[in-house]
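Once you scroll down, you'll see the structures, which are given as C-alpha cells.
Shared between the two complexes below is chain A, which has chain B as its partner in the first and chain C in the second.
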Partner chain A sequence: MKQIEAQRNILDFTLSSLFRRKGKNTALVLVYTLIVFLLASVMFFTHAIRNEAALTLKDAPEMVVQKLMAGRQDLMPLEYLEKIRAVRGVSSVKGRLWGYYFDPYFGVNYTLMVPGNEQIKPGTIVTGEGISKNRAVEQGDFQAFRAYNNNTLLFQITRVLSSESALLTSDLILMSEQDFRSIFGMPRTHVTDIVLTVKNPRELGTIANKIVQLLPDTRPIMRDEILRTYDSVFNWRGGLLIVILSVSVFCFVIFAWDKASGLGAEERREIGILKAIGWETSDIILMKFWEGVVVSLSAFLLGILLAYAHIFFFSSLLFGPVMKGWSVLYPEFRLVPFIDAYQISTLFFLTVLPYTVATIIPSWRAATIDPDLIMRS
Partner chain B sequence: MNKILFAVSIVVLLVSYAAAGDKKPVKPGAHDKCPVCGMFVAKYPDFLAQIIFKDGSYAMFDGPKDMFKYYLNMKAYNPSKKTADIDSVYVTDYYSLTPVDGLKAYYVIGSDVYGPMGRELIPFGKEADAKEFMKDHKGKTIVTFNKVTAVMLKELE
Partner chain C sequence: MIKSLEVGKVFNMNRPNQFIALNGISVEIPAQRLTVLKGPSGSGKTTLLSILGCMARPTSGRVMLKEEEITSLPERFLAEIRRQTYGFIFQQFNLIRGITAIENIMLPAYPTGEKRTVLKKRAAGLLEIFGLENKAEASIEWLSGGETQRVAIARALMNDPAIIIADEPTAHLDTKLSQEFMDIMQKLKAEGRTLIIASHDPVVYGSAFVDKVIEMRDGAITDSGAKA
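And now, the complex of A and B:
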C-alpha cells in the first residue's frame, strides 16, 4: 500500500512538473503523436489491405484451369471439362463465365460475371456498390450495355451488392449466362475458364501435372499461386508505404537520440535540487520513468486513434497518391477496419518502449552526479 | 407358402445386413487417441481409420498402419476383445477423403505419400483408383484387408 502511495506521489509530482513546462512538453507530445500516427497509419493500411486479400481468397477455388493460345488466355472448350472431370481425385469441375466490359462514358472497366451459385433472370443484373454510385443508378433502374455486334442491350438492376469487402464487388456486375454470351458473342461451346475442387490437398500437384499432360495447351493455376500473386500486388503497394515507414522510423530514431543524448541545463538543475532536498537516485529515475510513460503513452494512444480514423474513416487521405491507379472506380476506397493485438504491440514496442528507456538513461547519469556540482555549474 | 418365403427372405436380409457391419463410422472427438501410437486422432482426419465393435465401442487410429498393427495383435492392445467382436472397419479413401469399408478397401504400399506416422498403407474404395494412385505415386503393391501381414507392417516402419 505504501509502495503504491509513493508511486502516486511521484507521478503527481511528475505531472505537475510536466505541466510547468507546458509549451515544451506539448510540442514534444505533438511531434511524438505525429510519428506514431505515421507509423500506425502505414501499419494499419498494409494489414487492412492484406486482410482484404485474404477475404478475396477465402472462397477461391483450389485450382483454376485456363486454356492458352500463343501464351495468352483463350476460351475454354466444354470438351475439356469432361476430360478434366475424369482425372482421379478431382471432385467437381465447373466452367466459369466472366470478362471485362469497358464503359466508354465513365472510362472504367467493369467485371461481368455469371454467378455459379445463383440464377439470374435474363434481362436483369445485380451490380456492385461502386457502379451504382458511379452511374448514379439504383435498384429498379435500367442500364444499357453495348454488345460486340453494336446492339444495345437493356438490363434492369434487381439488386445492388453490399459486401463486407468493397474491393471484391465494387466493380462487379452479375448477369445471366444468356445475356453474358449475347454481350460478348461468346459461343455456347466455350467458357472463360474452369475451376476445380480437389478433396485431398496432397493430390493438387499430381492433378495439375496430369492435366498438363492430358491437355498440353492448358495452364492450371493453384490457389497458392493466386495467393502469391495477390500478395505481391498488395506487397508492391505496401512497399511504397514501407518507404514512408522507414522515413518516420528514421525521424523517430533522431528524436529519441536527441532525447537520450543529454538533458537540458534546466532539467539537470531540477535533478540536482531534488537530490539536495533528499530524493534518492531511484526516486529520480522513477520520476523520469513516469515522465517518459506519460508523454509516450498519451502520444501513442492519440497517434493510434488518429491513424485509425485516417485509414478507416477518411479513406487513407494522405496515402491518396499510392491508392490511385488501383482503379478509377474507387473514388472512395474504404478498407474494412482490421486491427489485432499483434499490430498494437509491435507499435508499442517500436515507440513507447525505446522512448521511455531513452529518457531514463540520461537522468540516471545526472542523478548519480553530486548535486552540489550540478547546481554550481 | 408366400408368407413363409417372405419371412425367410426378411430373415436372410437382416442376417446379411448385420454381417456386412451396419454400424456407421464415428466422428473423432478431441480426446480420441490412437491406441497404438497415442496421438490424438482428430488432427489427422485425412488418414483416419476406425474399428467399431459390436457392442458400440470403437478404436480410432491416425492411419491404417496403426489400425492393422492393432488388428493383427489384438491380444496386446485390447485383450477384452476378439477379432469376432468387430462389427465394421472404416478407412479414409485417399481421393474422396470419405470413410469407406476397410474390409473391402484396396491398400497401396510403398508410395511416396506419407501419413502422420510416416509410411502408410493408402486406402481406396475402388481398385481402379488404387491402380492409378500406384502409378502416380510410385507405389509397390496393392493389397486387400486379409492379405496384410505383420511382416508388411514391419517394412513400413
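And now, the complex of A and C:
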C-alpha cells in the first residue's frame, strides 16, 4: 500500500514537473505526435486498402485467361471459349470485353467495360463516381466519345455507380457490347479475355496447366495471384512512403534524444536537490520513467487517434494520392476502419519504448552521483 | 550523537588537480545542541557537513551516527537516513522552481508512501507555524527572500528529523533576516533537535544559544570546543 502511495506521489510530482517545462514538453509532444501520426497513417492505410481490395476481389472470377502475342496481351478469339469450356473441371466460361479509353480533354484514362451480369441498352452508359465528378455530369446527361475511326459517339448516362465500390469503379464506364465494339473497332469474333469458374477450387492449378497445354499462346491468371499483386503493390507503396518518412523519423530521433537524454543544468540541479532531501536513486529513475511514459504515451495515443481520423474520416487527405494512385483518376472513397493489434503494438514498441529508455538512462547517470554536488552549486 | 573519526576527503585523487579538502578530522557533535562549523571559504566546512549529512563519502576515516558506523552503508540506506534523520537547509535554499510552496515542503516525504492528504495537512501545519499559510499555493519565484528562507526551513522539517543541517544559511540574507533565521533555530533547538550550521557569519556563530563552535582552516580543525 505504501509502495502504491509512493508511486502516486512521485507521479503527481512528475506531472507538475512536466507542466513546469510547458514549452519544451509541448514541442516534444507535438513533434512526437506528428511522427506517430504519419507512421500510423501509412500503416492504417496500407492494411485497410489491402483489406478492401481483398473484399472487393472476393467476388472476382477464380481464373482469367488471356491470349498472348509476342508476350503482350492480345484479343481472344471466340473459338478458344469453346475449347476451354470442354476442359474437364471447368463449370462456366464467359468472354469479357473491356479496355482503356484515353480522354484527351481531361488527360485521364477510363476503364470501359461490358458488364457480364446486366444488360445495358445501346446508346447508354453507366459511369463511376470519379468520372461523374471529373466531367461534372450526372444521370441523364450526354457524353461524347471519339471512336477508333474518328467518329463521335454520343451516350446518355443512365446511372452513376455508388461510392461504396469506388476503389475499383471510380474510373469505370459500363456500356453495351455493340457500343464497345463500335468505339474500339473490335471484331465480333474476338473478346478481351475469358473468365471461368471451376467445380473444385483445389483443381485450379491443374486446370490452368491443362489450358496452357491445350492453348499454348494463353496465360491463365488466378484470383489469388491478383490479390498477391495488389498486396505487393500496396506494400511497396507503403514501404516507399515509410522510406521517405524515415528521414523525418530520423530527425525526430535526434530531436527526442537531445531533449530526453540531455539533462539541462536545471534538471541536474533538481535531481541533486531531490537526492539530498532523501530521494533514492530508484525514486528518481521512477520519476523519469513516468515522465517518459506520460510524454510518449500521450503522443502515441494522440498520433494514433489523429491517424485514424485522417485515414477513415478524411479519406487520407495528406498522402492519399501517393498511396492510392489506382489509375490516373484517383478514386475518392472512404476506407472501412480496420485496425490490427499487431500493427499498434509494433508502433508502440518502436516509439514509446525507445523514448522512455532514452529518458531513464541519463537520469540514472545523474541520480547515481553524490548529492553533495548540490551543496556546491 | 554524530562522530567523525580521522575523516579525510580528497577530490580528483591521483590527478594533476588533486585537492585535499579534509585532513584527518575528528569531531563530536553533541545531541540536542547547536554546533557551528566556522571558517573562511575553502576551509572544508561544506565538505565536512556533506559527510556528516550522509551526502558524500569520506576518502578515509569513519562517521558514526548514534554509535552506528554509517560510512560503509549502501546508497539506499544513506538516502533513508537523509530522509528520516536529517533535514537540510542549503545555502541557496535550493527550492524547486515552478511548483508551489506547499509542494516544495512535501517533496522530502513523497517517497515515504504516506497518503497525499496526510502530507498536505502536515505541510500546511508547517506553513502556519512560519506564518506562510496564505502562501501555500504561491509559486516559489513569487516569494520574498524571507519567505523563501522559511519555506526551506519548513521543507527541512517535513519528515520531523532529529538533526537539522544548514550550510551558510544566512549568506544571502540581510542582518534582520539572519537574525530571524537564528530565532527559528533557537526554537528548533528548544524542541530537542540537534543543529549543525556551517557559517562564517558573526550573527550565526556569535549567537548566545550556540553550544559549540568548531573552527576550521585548510581542511583541518584549528579550534574545537564549547563556546565560551
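By our rule, the second predicted complex is superposed on the first by the 284 of 377 C-alpha atoms of A that agree within 3 Å, B and C clash if a C-alpha of one lies under 4 Å from a C-alpha of the other, contacts with A are read in each partner's own complex, and residues count from 1 in each chain.
FYI, a contact is a pair of C-beta atoms (placed from the backbone, for glycine too) under 8 Å apart; a residue touches a chain by one contact, two chains touch by 3 or more.
Computed from a predicted model, the values in this text were never measured in an experiment.
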Partner chain in contact with A:K67 - chain B first, chain C second, else both or neither: neither
Touching partner for A:T206 - first (chain B), second (chain C), both, neither: first
Touch count on chain A, higher of chain B and chain C: C
Touching partner for A:K275 - first (chain B), second (chain C), both, neither: second
Contacts of A:H310 with chain B and chain C, given as first, second, both or neither: neither
Touch list for chain A against partner chain C, complex: 1-6, 8-10, 12-13, 16-17, 19-21, 266, 269-270, 273-283, 368, 370-372, 374-377
Contact footprint of chain A on chain C as seen in their complex: 46-47, 49-50, 55-57, 75-76, 79-80, 82-84, 86, 88, 90-92, 94, 96-99, 103, 107-116, 119, 155, 159, 167
Residues of chain B touching chain A in the complex: 46, 94-97, 113, 129, 132-133, 136-137
Chain A to chain B touching residues, read off their complex: 88-89, 91, 199-200, 202-203, 206, 210
